[in-house]
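To keep things clear, I will list the structure first and then write my remarks on it.
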Amino acid sequence: MRGYLLRRLPSALFVLLLASLLVFAVLRLVPGDPAAVLAGPDASAEAEAAIRASLGLDDPLPAQYARWIGGLLTGDLGPSYAIGGRTADLIGDGIGATVELTLGALLFVIVLGAAFGMVGATSRNRWLRGTVRILTTGALAVPPFVTGVLLVLLFAVLLGVLPPGGRVPLLTAPDLGVQYLLLPALCLALPSAAVLGRYLEDSIGRALSEDYVRTATAAGIAPRRLLWRHALPNALPPVVTLLGMQTGHLLGGAVLVEAIFAWPGLGQLAEQALVRRDYPVVQDLLLLLVTVFVLVQLVTDLVHAWLDPRIRWE
Amino acid sequence: MTTLAAAQKAPLDSRTGKPRRPRHPYRAALATARGRTGLGLVLLVVLAGLLAPLLAGHGPTDQSALALAGPGTPGHPLGTDDLGRDLLARLLHGIRADLGIIAVAVPLGAVLGCLLALAAACHPLADTVVQRAFDLVLAFPGLILALAVTAILGPGRVPVILVIALAEIPVFGRLLRTGILVQRGREYVTAARVGGTSGGRILTRHILPNAADPLVVQFAVSLTVAVFIEGAMSFLGVGVRPPEPTLGAVLSQSMPYLAQAPHFAAGPLVTVTALVLGLSLTAEALSREIRR
Amino acid sequence: MTTPPLLEVQGLDVEFTTPDGGALHAVREVSFTLRRGETLAVVGESGSGKSTTALALLRMLPGTGRITGGAVRLDGQDLATADEPALRAVRGARVGMVFQDPMTALNPVLTVGRHLDEVLRAHGGRDRKARRTRAVELLALVGIPDPERRLDDHPHQFSGGQRQRVLIAMALAGEPDILLADEPTTALDATVQDQILTLLGDLTRTTGTALVLITHNMGVVARACDRVLVMYGGTVVEDGPTAEVLSRPRHPYTAGLLAAVPRLSAPSGTRLTGIPGTPPDLSLPLAGCAFAARCTLAEARCHTAAPTLTEVAGTGGDTVTGTATGAGTGTDTGSVRAACLLAAERTDPLPPPPPPARIDRPAPGAVVLRAEGLRKTYKSRRRSFTALDHVSLTLAAGETLGIVGESGSGKSTLARVLAHAHPADGGRILLDGQDVTRPGRAALHSVRRRVQMVFQDPYASLNPRMTVGEIVAEPLRAFGTVAPGERAERVAELLRLVGLDPAAADRHPRSFSGGQRQRVGIARALAPEPAVLICDEPVSALDVSVQAQIVGLLTDLQRDLGLALVFIAHDLAVVRQVSHRIAVMHEGRIVETAAADELCERPRDPYTRALLAAAPEPVPVRARLPVGAVSA
Amino acid sequence: MTETRPSTPTAPTRRATLRAAGGGALLLGLGVTGCRSAVSEAGSPAGEAGEAGKASTEPRRGGTLSVAVNADFTPSLLFAQSAQSLQQRLIYNTLTRYDDRLKPQPELATSWEYAKDGRSLTLALRTGVTFHDGRPFTADDVIFAVENLQSPLRAAQLRATAAVVTGFEKRGDHELVLKLAHPVNNLFDLFEFMIIADRNSVEDAVTGKRLNGTGPFRLTRWSPGSGLSLRRNETYWRPGRPYLDGVELRVVPQADALLSSLRTGQSQLSFSVPGKNLSVVAATPELAISQYSTGGGAVYLGVNTTVAPLDDKTVRQALAWAIDRERILKQVLGGYGLASAAPWPKSSPAFTEAGRTHYTHNPGKARELLRSAGHTRLDLPLLHVNLPGETAVAEAVQYDLRQIGVHVTLQPTDSAAAQKNLISQNMPGLWTMGHGFAQVQPSTLAVSAYPFNEAKNTSRFRSAAYTKVVREAWTGPAEGARANALREKITDTLLDEAFIIDLAIRGSVQVSARKLHGVTLNKFTYLNLDDAYLAG
């Protein structure tokens, strides 16, 4: 396994390098700059220039890039330009919220996706299957920003059982934190859960039509056990791969959901930072997200191999 | 099931006694109940979009003092929006605009993705580079990308199309790459090579058509994803240039009024649902028929 | 004779629904009985309904398949109408089943121990420890060495033969009364097949389990079963003691099938006799005898009146009533029944097939292809596998060089290296005296014009998305031998040459049968007018009756075009008949090369001898001649 | 502002039942059986003693107020006017504050006196005031505050006014003389604007680490993206104040989410509810709406006077006549605010009804003016910020202009790029945006609000007459007939030249829980909660 990880390392680093260049270049291409944002709508050109210089934005681009990467390598993310505070602190504050939201959503994705998929693949009940189809279609058709508003209207405004937004960290107050987490996590999870459910249904269907299932049927093994112990372990590996990809989507999709639920995560920070052209924050954040994505892919592969004995670390 | 398989291999036409030409699997798929329902829904939406200028009684950007009128208002069957524009007109033209976008963006993404996958198939180094590039695009948060692209290019259809295409490139690219790898090991490829067929022709004429099946299914899926991306971009204010309506634009404009004027959001939601349902049914029908 | 039959199948009908809604009548009116401890072979070609029958017994028909008539009585209980729980109690416990492909029939993510454990658990094994002990016993019983340790291995860590053994162990786990084996040895090499058949024989003898063996291989039938049921077009055409049926077939189809099987005893240069035509389309109603269209003896009434399975006069002992219908129970094991109007009227067996006809083929000419010390190694990250180890051979114009060997012996690699589909790691290939081991782009092109290849799998080697015309035209386009305007004409000519209707050009491969596809493959290989044709197992995926046609075609083409042929196969009998010389490959090396007859009659290498001994012959075991004796 | 009426306690039983039933089912169903509910936790203020009716009449101590804001605190803009300035007067104090008639009232400065020539000002400073860290407030802190704003790095809008202060003369710790380069009449705008921050920790302040002021609340924590947590300053210089134990500024970026936060009682106060959502608020019995006459800034149509044919005043005036301001007010701003052709809100001394209605919706006249300038059809680009409200304004403007034959292409732009275009004078022919600084001394508008700047503005409008009148108004007296005449002249110039075509003054709308009392804003929307309390 170590050999496998070592082999994956260069390409992962290559992706990160590409990502850093891309982020850096794209940000410089985007019109508007942090100095103008900081200077405000009523500032003079002189004020803007002074701010520009103080931020080091007059340096040549390679120097700015080197400064950024150098800082990263020495663990110093530097100050935020336009939001205030140190980049590391800003990201550190948001990361807990985002991890919480993503994991919560992931849990929903797995639970709902598994439920959707199992019902779709195995239930003989037409009504139940129809209901699941309507649910998954709805989850796929209604954009998260609508789902979010609807969920808030229903659970917070009409029923008044859950808070409409905001966050209490799960670790400091689990009972309250869960209540804050439920709606955003559900909203974020729904489309992915639907995708996963459809995929799982398909994957189980495929596994159930394999020869080894016929072997097991011929040996008199009961259908329920056939499904859980024989077909499912084979259906899971590709689903895990999809789940890995969906985790990426969850991280990326958090921008919208975090805004709707006033969830102070990295998505909101990223949007804020981009809107204000806070280069260091955007750069570090995006690089972080890419790193996480690469790591998730790696973990996915490991899980995939763990589930499928045919794959070994070679 | 060798017996059955063999029996189905060479069906004979009951009338002529000659071997019957089996229908193309795509056509067979669309002839199933599932495929027909799916296609019907999609066509319904497409027709609404195509006939928008005929069906809509008002211009989609014509404003009036009659703001937020409810459905059933004389002259405004679906009501009006906050600026007094006819919602039916905006919905139909919104569909039209969305169709225009996804009909360009998804094929563009698919073609580019496929080209890259083909390039990757030519050389191991190219393969590595292309794969990592795909990883990179997949890893990049899509909405941030959308914000950046629009900021650089300015508003309009082009950035929306680009963002959608960009998001679709790795999806199609990876899918085709896997397909190529699988097909490459097939014996007919060796046969073509031994038969003197050049590498490029093997790739394009032999492997590509056989690796295309999952792409066709993905295409239907990607069309729905594209509608989604358009909506999210409109919501973030980086969609198509206002006041042109798109489904996403109308939907995001309706959000502040969800509580007081739910009809505002209903049109696009129903349309998108029909489209998603139709496309997913079509995709399912296709994938079932292909897997046979 | 008085014990009631263990299994009694009566008038079984199975239908499938075709994608366009039609009915496909896969099994019609199949009746047979099985007694305790009896071994019964069900033999037939693809499409005969033999596997469907086997699956129908346990109501395990796939997809749209359903039993539309008849009964399957196991000790009097009708399985055709039993409910699911009752069926589950039968499956595995009373009837064990072994499937054809050991590669896919085992669950890749479960250990072998879990496989056995699951079955034992399903049939009441409560104690975990006891189940494990029993699993070890079972593995030992089927001859897996070191069973204790191998229990925790996954299927991919076993060889094909071992997996088949595991499957048998699973089938035996519930101590069933009947073992239903669906082509259990088809995917295996001859020597492994031999071992598995021996195992099955031993097991049925020692445990008293009845065996139903589904196979297409007459040799396997002869080797393993007391009784045989011959199926054709979804019906039983002949049923009787193996020795009797094999030596005195009553049904013309049985006779044709037996004649088509290549015999090891047939000398080099003789022609195989095939059965012309193709099996019937089961989605159409069948008026007369299913075989009538292909039967050389058929009369007008054969096409209109369906024959019933009737006891043939002059066989069996005491039962001489003559018209035991299909519904008859307790057929004597000694009697033969045949579903043929003519056979019912005749007391004598069919005349024996004519002795193999000699082919007049010109003597080989000058050497065109020479290989010297070829080496090829496949490397994965950890291990490397030597597929070719200093292989040398020569091939003359007009000569057929047979290459035999088991899977993994390197014979397919050799074919690919010779055809320049894969490069060799070492050694030299000389074409017309010129070194073409590592040709440049242009040289490779001209080498390929001269050396073409026919592939094993006629399904996989034709691009499913191209029409037959396009497939055959590909080499024409690539080599530019024919002006674009004349391509269609040349394609038609090639199709005629391989015995296909030129109208086939605009159809896709999937609308052809296996034999027809192989003809397309040959037409493609012939398109650039090569001097050397390398045939990699060209007939091993085909039914015997079709195999004879293809082998005959290749021989004719060689004679007419003066081709040099490399004929690769695992079946020594076919190879002997078509080849001038034979090379035996084992573990990447050629262990013996000799003239065909010489090699088969006086093998020198021990491995060659083992191969010869393992080859199953469609001759009743008792009547088998000693290896090497020539009958004709 | 209008006083909020005492709340009438109503207990909608259907709602309560729904809530109980739904809550129980949901929590049980999800397996969350926590002993606390996040809903009641957030909704109820601490200490619910006393009868509801009685408690609402008199101030009472205690409780935490949750304020919903749509943008986070931006420490780097601490000394500038940013999107969110509510916390300024909570953590800090200013020297003076304006009353409703723009009369300065003492805060940290207790009294002040101009020299005769208007070139210096003597300030008496409050004694006994300490910063949150215990350090006493002295004249040096005022000196630092002024000098701090003079730095271009702080990007303060009133830098021009701060720059007029050329010298300081300290007379002890609590008396200070400011020397002025020339007389100005908007020094108290500066005092209203300028927060007095601890001079020793200013670098920590602009990074958001530590905000050390003299205000009624101390910062406990700034959680970026989430908001600010403040607790009562026990040593505040106003005895017995504040009443509240703490204040939370809760960031809720989405307008509908913000509305939900208020409707559910999670927040009790907000100034960020868009006008079009206020009809929902009005239908919610627990919430009260009140307006500040200062308005929330103006919505304008900017014109680049160097782009032909917009260099022609007649064309610009035609545009000004073409727009239906009342419709924008009604449809985009939800009816809250004031349709106005002039920049002044009702509270401004420069406000006149004549100025407000100088341009009305008159497409016929607009077309006529266009024709007189020799045009029947124009094609022009219009830049706007790509936020929903801004887009709606642009769409309305676009539609109105189309009616007179001016075909406008919208250019939605993100706010950072728009800002860059604005200050680098790179705007296309037309743009719509908002401006502030009309709510204080009218002279401040032209010196501090960039769109109106006489020397350099985005419209690239230069005129000697405008420059002259602006300088005179700035350096002249703050009151009297001359002041009024100068203001009128500025208004007339703006209306006549129409390089900035004002459309409407946004309403400054406060949405608050009915149990909340005593909330005020200063002229720069600094939230003052000194006297605020939550009734039971």
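In order of appearance the chains are A, B, C and D, and numbering begins at 1 in each one.
Just so we're on the same page, contacts are C-beta pairs under 8 Å (C-beta built on N, C-alpha and C of every residue); 3 or more make two chains touch, one makes a residue touch a chain.
None of the values given here were measured: they were computed from a predicted structure.
Visitor: Farthest from subunit A in C-alpha centre terms, which chain would that be?
Guide: Farthest from subunit A by mean C-alpha position: C.
Visitor: Looking at contacts between chains, which pair has the highest count of C-beta pairs?
Guide: Looking across every pairing, the one with the most contacts is A-D.
Visitor: Taking the mean of the CA coordinates per chain, how far is subunit B from subunit C in Å?
Guide: Taking the mean C-alpha position of each chain, the two centres sit 46 Å apart.
Visitor: What's the distance between the Cα centroids of subunit A and subunit C, rounded to whole Å?
Guide: 53
Visitor: Measuring centre to centre with CA averages, how many angstrom lie between subunit A and subunit B?
Guide: The separation of the two C-alpha centroids amounts to 23 Å.
Visitor: Of all residues in subunit B, which are in touch with two or more distinct other chains?
Guide: 147, 151, 252, 255, 258-259
Visitor: Mark out which residues of subunit A touch at least two other chains, giving numbers and ranges.
Guide: 30-32, 149, 153, 157
Visitor: At least two partner chains per residue is the criterion; list those residues in subunit C.
Guide: Each of 62 in subunit C touches at least two other chains.
Visitor: Residue numbers of subunit C touching subunit A in their complex, please.
Guide: Residues 58, 60, 62, 88-93, 96-97, 99, 101, 104-111, 118-119, 122-123, 154, 156, 167, 170-171, 173-174, 180, 380-382.
Visitor: Using the touch rule from the top, collect the residues of subunit A that touch subunit B in their complex.
Guide: Residues in contact with subunit B: 11, 14-15, 18-19, 22, 26-27, 29-32, 137-138, 140-146, 149-150, 153, 157, 191, 198, 202, 206, 245, 248, 251-253, 255-256, 267, 270-271, 274, 282, 286, 289-290, 293-294, 297.
Visitor: Could you please specify the touching residues of subunit D with respect to subunit A in the complex?
Guide: It comes out as residues 15, 18-19, 22-23, 26-27, 30, 32, 34-39, 41-42, 72-78, 80-82, 151-153, 155, 157, 159, 206-209, 222-227, 250-254, 256-258, 260-261, 263-264, 266, 414-420, 422-424, 433, 435, 437, 448-450, 456.
Visitor: Which positions of subunit A touch subunit C when the two form their complex?
Guide: Going by the criterion above, the answer is residues 209-222, 225, 229-230, 233-234, 307-310, 314.
Visitor: Which bits of subunit B are touching subunit D when the two form their complex?
Guide: 61-63, 65, 67, 82-84, 147, 150-151, 154-155, 237-238, 241-243, 252-253, 255-260
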